[in-house]
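Going in written order, the chains are labelled A, B and C, and every chain counts its residues from 1.
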Amino acid sequence: MNATNNSGPMGGNRIVPSAPASAASAVSRISAKDVTVHYGEKQAIFGVSMEVPEKSVTAFIGPSGCGKSTFLRCFNRMNDTIEGCKVGGKITIDGEDIYDPSLDVVELRARVGMVFQKPNPFPKSIYDNIAYGPRIHGLVKNKAETDELVESSLKKAGLWKEVHDRLDAPGTGLSGGQQQRLCIARTIATGPEVILMDEPCSALDPIATSIVEDLIHELKEQYTIIIVTHSMQQAARVSQKTAFFHLGKLIEYGETEQIFVNPKEKQTEAYITGRIG
Amino acid sequence: MTSVLIAVLVLALLGIAYSQGVSRSRLLAGQTRLHSRPQYHGALVALWAVLPLLVLLLVWLLASGMAQDWYIASQLPVEILPGTTEYASAAARLRNIASGFGVAGEAAEWEATAGAALAQFNTVLMLAIVALGAVLGVVGMLYMRSRLTARTRARNHVEAFIKAALIFCSVVAILTTVGIVVSLVTETVRFFTFVSPFEFFFGTVWNPGYSTTSNEASGSYGMLPLLVGTVMISLIAMLVALPVGLMSAIWLTQYANPKLRNAIKPVIEILAGIPTIVYGFFALVTVGPALSGLGDVLGFGINATSALTAGIVMGIMIIPFISSLSDDIIRQVPRTMRDGSLGLGATKAETIRMVIVPAALPGIVGAILLAVSRAIGETMIVVLAAGNAPILRFDPTEPTSTFTVTIVTALTGDADFASPQSLVAFALGLTLFVITLLLNIGALAIVRKYREQYE
Amino acid sequence: MTDLAQTATGAPANEAEANARRRAQVRRSLARRNRAETRFKMLGLGSVLAAMAFVAILFGNILSNGLPAFWQFTLETEITFDPEVINVPDRPVRQAGQSDADYQAEMLGWQRRLAMVNWNRLLIAGVESAMAEDGVTTEIDARSAQSIIDSGARFVLRDMVIADPSIIGQTRRLNLLLSADGDNWAKEKLSRNLPDERQQLSRPARDVIDALMESGSVHRSFAWHIFTNVDSRSSPASAGLAGAFMGSFYMMLVVLLLAVPIGVASAIYLEEFAPKNRVTDLIEVNINNLAAVPSIVFGLLGAAVFINIFHLPLSAPLVGGLVLTLMTLPTVIIATRSSLRAVPPSLRQAALGIGASKTQMVFHHVLPVTYPGILTASILGVAQALGETAPLLLIGMNAFVANIPATPLDQSAALPVQIYLWQGNENRNFFEERTFAAIIVLLALMILLNALAIWLRSRLERKA
């Protein structure tokens, strides 16, 4: 399972990627440098820097209000939609500055998809939910292509078997877990390279949660995934790397195993052992 | 004079009874613990004192005229027959003499005595009523006061009275609806004794004849021309109001920054507060001639008073209605839905067109129904600017007429109230009422369901 | 893993290529989509601007047309109360022992004599004296001279004599209103190039007005009489809004005294006491629907019930007030209920917790918190009722009334109805402006009420 994740242990506020063991997959595609976020007068993120490796799952953990979701939303500039929110520092994907004014945020979000805390299917049929992204981006030219893409996306999200006979039914009629997988399928259909997941299982029951977790596990073969979770068990189960945030600061970032077994920072240890949070 | 006296009496009784109740209960309080506080004892005694008195005064108010008429009838000489003008003027003279105003010139001897007798009768009657009222009040007060004990649940009694008064007030709204339905239906039924319902609902000619006798209808009473006019004007109004109102709501909720929105919204809502007569006059003297001029430039005739003029101005009036309702509804679409679309890389416009508006659609449809019902019932704009030409045609550049215009014309003319040309107003009113009621019920049901969906 | 093998974008080997292709595709669509975005945004902004433009046009139109009406042309001249013309006996004095009726009859006789005086001769003499004073030598016949001054001036002179009979024989300097036609001419509302037969005034009358304007005797003055006079058909230039204002005032008084207490009481019952059952549901639906019933239907109710069954007087502000009360009631109920609903349940529980009864809780604790909301709703309801026209037409308030109503039972006009009546006047040239002026007065009152509501609310809320 850790075949693609060979980076060494890391720690401290300034996190430097250690020398990659396997050059093919350990190239860090996403890189954040000194990122700050302000909501009006209030500062939410304080100079966070990190490298996110390709095709693996990176988990952000920390007590609620620690800024992990805010930081996640920087990667596809969803913070732009919040009134009075200012992002500083530099974030690059494949070396490209995503806050470059000449870059179109639409293009960025097509590359960096997002799955939200609460399943939010559109008030349309299951089919139209999936086809929405490809259609607006002009990725499909005709009905046949759309059909094919809808089917493959639903298959990737493991939903095809359950809904293939009722693609015209409204997406809002599915169960919570199915809705969330529909949202994942919807994101996949646009053909992203990175998928951001903001506590994707917090509104789901344990069975639906485990299905989604298995799905995440499969998806990392093809996509770079960053997941925010408030459940340490979930982080331990699905992720290869884990970042611990506290009060808007990145406290520790490293291999998931190392973070949970042998945390370097006192605050991390306190959180893992349940003393803060 | 009398009214001041009576008011003083009522107030005095109120005060005395209240203080009696309070002092009595203070006395009781010295012995044991009271169930209710002294104020409630006072209020209870005051209620017992004043309520019978008020009932009596109400009866007197309604009946005193009758009593006086009866007495005058007994005083007038038998030669003067009731119902004649001499009778009325003689009665008026008697009243004037009795009130002390007197009559110009000499009063006949019998008039003077009868007048004096009438004055005496009035005085005695009033004194009797006042005395009876006072006795009733005092008896009520003493009775309740004597029954006060420490265990009297005075607060509960007073509160029961308050609750009864509150219930009475809520019944007024029901009574209004009942009154509307009953009066419209009765008069409509009367109208249908002149004109068959079939002719009224399906007739294509509106041309009420002005018959001098009020017991038969002449002319035609087909409401279809009015229906067509009403629908046409409402349609034009919606064509103006819907795009402008909806797009304004979208811009204000999705694009404008909060400061700008808070500045602009009240300005647009000014349009909703302007009386419709003002719009009507504006349509008549400004919009109508402007449209007619525009028609000349474009090479086709537009009448200054036409369905188009009335419809456009009505549309302007309805803009804030649509925009503030849509504003509320769009805001209720959950933010996560918007984020979901933006997160896929949709532009703002794509998100609004393909996600937010479809999500808000039921609510918007409800708002549109409410707006249509308002347009159909709107009166003054069409009275002034639609031209009042009840002819069945579908050309919006020509004058037309509506239900409301015809109601106003029918009831402001010289026709007798019981004649078909007046009664038809109620048949039209009932039709209008039913249409708007259905639209409102439908709209409210849709909007309510929509709200529940996102709660 | 089997699913992954069938991806639309191909096998992992050429994944990078597929990604690049997709990105190129997205990038290609950008220009078109951004144009659509701008178009959409502009459409929205355009709609907002259009709505605001309507407001601006409406108010601009009303103000530019209506404000000039508040300044009317007057002729300043000397009027001699010539005893030969005013040939009446002395004003009657009340004799000892005379009955009210006899005195009034005598007084009426005297006033009738006064009314028969040929006041126009005084007015014509007044025009001539102004001409003489200013050295205007135009030949003018009596009819033309008379047509310059508003016929209402006769009553001004008569009332001066009634107020002080000793004025007879004296000369006073007065500012007399020009007639409606004269005012139209002076304000150049009619083209001066129209031929004589299409002009409303004769040529000498027009010439004299021009000459007197030149010399300054005819000049604009603020038209106070718009606020103090009642409507008039015979002398349009001196028609005013006093009667309509009082009529509206009485109606609003009725609305305030009935709609507010009844509305608040029923809102309290429905929100705080009523059990939640089908009856109260029905009342709720009923009130919501009543709020959307067209106003004209309330007029029909008034005509059928108040006028035809109860035989209340036609055109009376009391009846108008009752109809408007029924119309305003749902507004007050709905607004009060929403203020009551906004009171936090914790306040209710706190009151009940210390042993207050439900009634005490409502009247001592909940209701005081909602005063700002109720007050604002009441004022806004009254403002809305103030502008309502249609139902009033159906209960006979479209009648011409030339009196200031002394009680709510007297015949009366109302402001919006006055607008309706004036817009229908045949002398369009003069009354169009006058109607706009009436609209300005009505809107000013409504704005005043709204401002009052806003001011009171902010004041009360700051206190709370």
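By our rule, contacts are C-beta pairs under 8 Å (C-beta built on N, C-alpha and C of every residue); 3 or more make two chains touch, one makes a residue touch a chain.
Since the model is a prediction, treat every value here as computed from it, not as a measurement.
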Chain pair bearing the highest count of C-beta contacts: B-C
Most distant chain from chain C by Cα centroid: A
Cα-centroid distance, chain B relative to chain C, in whole angstrom: 19
Computed distance of Cα centres, chain B from chain A, in Å: 59
Between chain C and chain A, distance of the C-alpha-averaged centres to the nearest whole Å: 62
Junction residues of chain B - those touching two or more other chains: 345, 347, 350
Touching two or more other chains - residues of chain A: 106-107, 110, 136-137
Junction residues of chain C - those touching two or more other chains: 26, 33-34
List of chain C residues in touch with chain B within their complex: 26, 33-34, 36-37, 39-41, 43-48, 50-52, 54-55, 58, 61-62, 65, 99-102, 104-105, 261-263, 265-266, 268-270, 273-274, 283, 285-290, 292-301, 303-305, 308, 326, 329-330, 333, 357-359, 383-384, 386-390, 393-394, 398, 416, 419-420, 423, 432, 435-436, 439, 442-443, 446, 450
For the chain C and chain A complex, residues of the former touching the latter: 1, 3-4, 6-9, 12, 15, 18-19, 22-23, 25-30, 33-34
For the chain B and chain C complex, residues of the former touching the latter: 96, 100-105, 155, 159, 162-163, 165-167, 169-174, 176-177, 179-180, 183-184, 186-187, 243-248, 250-252, 254-256, 264, 267-268, 270-271, 273-278, 280-282, 284-286, 316, 319-320, 323, 345, 347-350, 352-353, 370, 373-374, 376-380, 383-384, 404, 407-408, 411-412, 417, 425-426, 429, 432-433, 436-437, 440-441, 444
Chain A-facing residues of chain B, complex: 257-258, 334, 336-347, 350, 354-355, 358-359
Interfacial residue positions of chain A with respect to chain B in the complex: 76, 78, 81, 83, 106-110, 113-114, 116-118, 120-124, 132-133, 136-137, 183, 186-187, 190
